[in-house]
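What follows is a structure written as C-alpha cells; I'll ask about it next.
Chain IDs A, B, C, D, E and F follow the sequence of writing; residue 1 opens each chain.
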C-alpha cells in the first residue's frame, strides 16, 4: 500500500481490536502458558485475489510487536485453494488474540479484490475500465477502494469533494427553479474547483448529447440498455468519457464493455462483499 | 434499538460522514439553491427484513438537525418490493449530503437482518436457535450483532471477554505441554470469571462426551456431518447445550437443526453481507 | 499484565500526563540543565502488595523513551518497609516530569492489591474466593480489576454485558407487571446470550431456594447475616454457586467465608482505595 | 460547577459509561419492559458533604436525555444519614443503566468533599487554609480539585505549568552543578513566566530563611515537626506565605494550623479517598 | 457556511477552548458574580471583509448554550471602521470565557477574507480568478479555504487527493529514470482517478506548449515574468487553462491578470495572515 | 524543545497530515517510482530566526520513519538568505508527501521567532522583556508560544488558569454591583490559587497607583501614551512589575521600553504572522 495508509489504518485496526478484545481474552488468559510459542500459516481455501496483507501485518504488530509476520505473496497476487499467503510466528497467546481481527480484514479485502478481478477479467481486451462507487462499508472506504485497485479496478470519487457528479436529484432540484442541464453545468464550472472534471448522469442518448454540448467532461449513462449505450457511444463519438452505471453484473459486463464505454462502475464490488475463505492453520512450536 | 446505542453509534456515523464529506460536497455546493426543499422516500426494491432505521435517522440528524425523518415501519419488519420504509423532508442539499451514508448503513444492516431471517425461517419448528459469530466487519460489530437480532437471530460472544470458548488452537497449545481437555476446562474454571459459561469446540462424538464429562457448559460441534451431529445429540442426551458450527448454509441448515442441536452459528450472516436493495426517491417541494 | 493491556493503557497514561503537564513544567524547564542525569529508586514505605509496575514503566517511556526503568519485583509481590521496587535512570528533567503520574498509578493500584491481599489472606483455607464489583474509579476499571487479580482476588463482571445479574430493582420493575422471580430467569434465559450465567440477588433463604428452583446459575446473598448465610448454604446444598455480598469488612470476612459460600464480593476493594506509601528517592549522577 | 466544566466532563462521563456499558446491558435488555417507568432517590447513608451532583446529572442525561434529574441540595451542602440528595425519574431501563456510573462519581467526589470538610473544620479559627496536592486519581484531577473546593478547601497547583515549586530533587540536580538555593530562585525568576509565584521546599528553619532572603514568594515547610514550624513562622515573620506539608493528619492538623502557617497541604484528600455511602432507592411507577 | 462545516468545526472549536481554558478561568471564577449579565458588541476597527461569524457563534454556544449571539452582517460583507458585526448577550462570565477564542477565529478568518478581497478587487474586469494554495495553517485549512471564498476567491486543491498537480520535483524524479513530461502526463492519465484534471507546472513558454501537446488540462506558469506569461497565453491560445503562480503581490497582480491567464494563485492569502482588528465592547446589564 | 512537547505535537502533526493527505496523493502515487530516492535541503530565502525544526522532523518521521532528517542549525539560530537549515533524505514519494506540511509548520514558527527577535533586538539594553499574548492561532498555542521563546521573548499566560489578569470587563461587571478595584483584588486573593500573581489592567497613572495600593503584583498599563507610561513608572517606583500593552509596534517599542516598564506585550507576534520564506530544494539520487 502507499505511504500514509498506515497512519490512517492504525486507528481502524486499534478500533477493531478494542471491539474484539474489550478488556481481556478470558480463554487465552486462563489457558495459554505465557511462554508458549507457535507458528501459523494463512492459507487460501478457494481461488481469488489477495488484498490486505499489510493490514493483517499491522493487526499483529499492534497486538504484540514481538510477533513475526511474513507475507509470501503481494497484494493483488492470485490465490489457489491451498496457497500459503503469509506466516505468523511468536507467542501463541498473541497470535490467537489477533487472529480473528486479522482475518476479518484480510477476508473482506480479498473478497473485494477477487470480485473486482472477475469483472476486470471479463472485460479484458475492451477499452473499458472497471471502477467502484461510494457504496462502501462505513468506516472502511479507503481500504475498500485500495482493494478495488489491488483487484485491477480503478477508483471513482473517494468523497464528495474530489469529483463533480451531477445526478438526477441535483437536476430535479434545479428544474424546480426553471433551470436545465446547461445551467447546471455552468453553475458547476463557475462555482466548483477548477481541478475537478464535471460528470453528468443522463438517462437517454438525447440527454447524453445535451450534456456533451453543455460542456460536460464525463457523461454517466445511467441504467441504459446495452443497445442504448451503443447508440450513445456512437453519437458522442469520443468527445467525452462515457461511464456505464446501474445494473451491471458479471453476466452482462462484457456486453456493456463491448458497447465502447470508457468506464463501468459496479456498486456490488463494495456493497455486497463475499469474504474470501482464508484460514489460519496453527502448529505449536517446541523448543 | 436499546438505550446507549446512540452514544456509541454517533461516533461511527460521524466518521462515516467525514469519510464521505471530507471538506465539502462540491456538486451540491455549486448547484443546489440553499433554500431548496424536498421530500424523499426510502423504498425497498426487493423483499427482506429492515434494520438500521434509527441509524439512518441519526445520519440525517447529524447532517442537519432541521431535517425531518419519519420511519414507517420498525426494525425487524418485513419488506416487499415497493414497501415505503421511511421519509425524509427538508433542505434538498442536506438530504443529498446524507443520502449515501444513510443508505450504506441501512442497506448493509437490512441485508444482515434479511439473511438472518431466512435462516430463522428455515429452522422454524425445531428447537435450534440461529446465532452469529465474531466474523463481523471491523468497526461495525455492535450494529451488525443488532441486525442479527432484528432478523430473529441471537448473539454469540460479542468480544473475547464475554464467553469462554476453548478452541482447537487452545487445546493444541496445551497438548504441547502434555495437558488435555480436562485440564483445559479445569484451568478455565479456576482462572476465568465465574459469570461466564465454558464452551468447548470438539470434532468428534467422543470428544463431545469427553468435554461433557470434564464439565463443559456448552459443546461446539465443529464441522461435523449431520449424521455425526445426530449421534452427538443422542449421546450427550441434553446434559449440556450443543452448538453446530462450520459449513452451515441455507440449503443444509434445516437438516442440521433437525439433529436436535440447541444452537447453530452461521459466520456468513456477517462475513458475507449482500446489501438489501433500497433506494431514496426524491421529489422537489414547491412552496 | 496480559497482552493487549498496553494498547489500552497508553490512552490513560497519555491523558494523565497531559493533565499533569498541560503545556510545560515551568520549574524543571527553568532550573534543570538539559543534560543532567540521575537515578531514582521506588521504595516502599509500608508493607503491602505491589501492582502497576508496567503502568509506571509505560509512564516513563511515554515521557521520554530514553529513560531506563527496571522492575526489581513482579506485580503481586510482597513489599516490606524499605523494599526497593524499581529503578529509573536517565535525564533528571524527564524523571521529574513522570514522577508524580507514575506514583499516582503505582500507589493506587498497589493500594488495591494490598487491600485485596488482606481479604484473601483472611479467608485462606476456606473455599471462598474474594471478588470485586463495578464500584470502580471512572476510567480506571480495567486497571483496578487487574490490581484485584494481582492481590489474589478474582473479577466479577467487568461491564454490563459480560454477566447476567438480576437485582432487586430489576425484580421490582417486573413485579409491577405481575411477574416474579421465575419469570425473570426465564426472560434472561430466552433473551440473553447463551454464553453467560444467570445470577440472581436474593435477600432471604426462601428466595435463594426459589432462585435455585427457577434455574439460577449463581445466587447472590445480599446483606444477609452470617447466620442466614449459613442456612442458605445448607439449604442450597451445592446446587449452584453462592455469593455473599454487602457489608463485608476485614473484620467479618472470615466468618462470612466459614459459612461455606463460594464467592465474597467486596466493594471497598475499589471504591475506597488507600494509596500505598511508595516514594521515589533520587540521586544525581555525575559523569 | 463553573462554566466550561461540562464540556470537559462529558468526555469523562462518556468514557465511564462506555467502560460500564461496552455493548449492552444484557440483564436490563432481557428483563425490563421498554415502557416501564420508575423513580429513584439518592439517599445519604452517613454524614458528610456532597459533591458531584452536576456530574451525576450529566451521566443520566448522556444515558437518556428524557430522564428527569432533580438536585435537592447544592454541592458543598451537609448530609445526614437519610438526607435525600436528588431524584431521578423516567424509564427504569435508563435509570438502571446510569445508576452505577452516577454513584461511582458521586460517592468518590462526596468522599473527597467530606474529608476536606473535616480538615477545614479542624482548623477553623486559625488563619490556615487547607490545600490539595497533585496526588490525584489519573484522569479525574479537575473533578477532584473541584470536590476539594466544594468541601471548603483550596487548590494548589493544577498542573506543572501553573506554579513554580522548587523541590529537593530540583535542588539536588543543581547542587551537582555547584549551584545553590539562591541560584535556583534566580533561574526561576529569569526563565519562568512572570505571572507565577515561586515556591521553595525547605527542610529546616535555616533553609526557610535562606529561601526568603533569596526572594521566594512562598516557602513550603516539608515534614517539619510542629515545634520547628512554629520557629519557622516566627523567624520568617510574615515576609512570605508559609505552607506546611507532609505527614498531616486529621489528628495533628489543628496543632499544625496553630503554628501560624498560611497553608496546609494534605495529599490524603485525594490519594486515599473513602467513598461516601450513598444509595439509589427505586420505586416503580404505575400509570 | 455550507452544511457539514459545523460538525467539523466543533472539534476545532472545542480544542481551541480547551487550549485556552485548560481547567478553569481563575480570574472570572474569583471575581464575576455567577448571575451578572451583560451585552457585548463585536465592532470592526478597520475596513475589511468579515468571515467566521458562524464559527464565533459556535464558540459561544459551546461555552454556554444560554448565550444569545446575533450576527448583524453576513460572511463576505464589507466592514468599515466602527461597523457593528454581531452582538452577544447573557452571563458576563460566559462571554468573557469565550471572547478570546471567538476573536482569534474571527480576526484571522476576516483577515484572510479581507486580503483576498483586495486581490479580487485588483483584478476586477479581467478574466483572472484569484485562487488559494495548500500553504494554510496546520489544522485550519477548511476554515481558511472558506474565508478565501468569503473574500471572493476560489479554492485550488484542498488536499493531495482532489487534483493532480505535476510539479518540478515529480518531473525531476521521473527524469532520473529517463522519463519526460509526456510520460508523466500519460502516467497520471493511466493511474489517477478519471474525475480529476491534470495540471502541470512549467517554467518556460516552451514547456507550456509541450505540456499542452502532451495532454495537460491545466498549465501552471511558475515564477514567470509578466512578459513571459503574456507570451505563454498567446502561444497556448486558450487550448487549456493557465494558472499564474509565484511571486504574486497586490502590487503586481493586476499586470499578471492582464496577461490573460485564467487563474492566479496567491500563497500569501493564507500563509501570511494579518488579523483584522475587531474588538468586543462590553456593557454590563442591570436588571 | 522541552520534554513532553513531542507527545503533544504528534496529534497536531497527524491532524495536519490527514488534512493534507486525506486518502492519498494521487500525483505521487501515479508518477513516482516506489523506489526512487532523493535528497532535499531546506534553505532560507530571507534573513530571520528559525523555529520548528523538531516539528518538521516529526512530520517526516510520521510520514515515513525511514526518512532521514538532519538539522544543520538549532531553533533560535539566525538565518541569512541561502542558509541551509536541514536536509531530508530517502524515498522521493515520502519526502514529497511531507514537504508542504513540514513547511507550513516551519515557515509559520520561524515567522514568529523572526518577528519576536526583531522586537527583542529593538529593546536591547533596556530592562524590558518582550512577552506574547493569548492572541494565538486556535490549536497551535503551545507551538507558537515556543516560537516566541525561540525568538528571545517570554511567555505571558498560556491559558486562563495560569495567571490572574483583572481586565476592564471584569471591573465593569463588579462596578455594576458597586464594587471597585480594591474589592476585585481582595476577591482574587481570597478565591484564586495562591500560586498565581495578580495582574490588573489600568488606563491611567492614578489607577496604576490605586492597583499597587490595593495589592496588585503586576500592573498592566493599557494603551497609555509613552509619556503616561513614563509617569506611571516613576510613580510606582518599582513596587510592582509594570507591563506595557496595546498599540506596540516595531517602530515605537524602543521608546516604550525606555519608559522603564518591565514587560511589553505584543499581540502581533502571534496574531499576524508573516511566514518566513523557506524552500525545499530537491535533487534525485542515482544509485
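As a convention for this text, a residue touches a chain if its C-beta (ideal position, glycine included) is under 8 Å from a C-beta of that chain, and two chains touch if they have at least 3 such contacts.
Keep in mind that this is a model prediction, so the values were computed, not measured.
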Topological distance between chain A and chain E, in contact steps: 1
I'd like to know which pair from A-B, B-C or A-E copies the C-D interface, where a copy means over half of the contact pairs are the same by residue number. A-B
Rotation angle, chain B onto chain C: superpose the C-alpha atoms of these two copies and give the value as a multiple of 5 degrees. 180
Return the distance between the CA-based centres of chain E and chain F, expressed in whole Å. 22
Geometric centre distance via CA averages, chain C-chain A, whole Å: 45
What parts of chain E, by residue number, touch at least two of the other chains? 21-25, 28-29, 97, 141-142, 158-159, 161-165, 193, 196
Give every residue of chain A touching chain C within the complex, in rising order. 14, 17-18, 21-25, 28-29, 62-64, 91, 93-94, 97
Contact residues on chain C for chain D in the complex? 12-13, 15-16, 19-33, 36, 38, 92, 96-97, 99-101, 103-105, 107-108, 111, 134-142, 158-167, 169-170, 172-177, 184, 187-188, 190-193, 196, 271-275, 282-286
Write out the stretch or stretches of chain A touching chain E in their complex. 129, 131, 154-158, 161-165, 193-197, 199, 218, 241, 262-263
Counting only contacts in the complex, chain D reaches chain E at residues 2-4, 7-8, 141-142, 145, 158-159
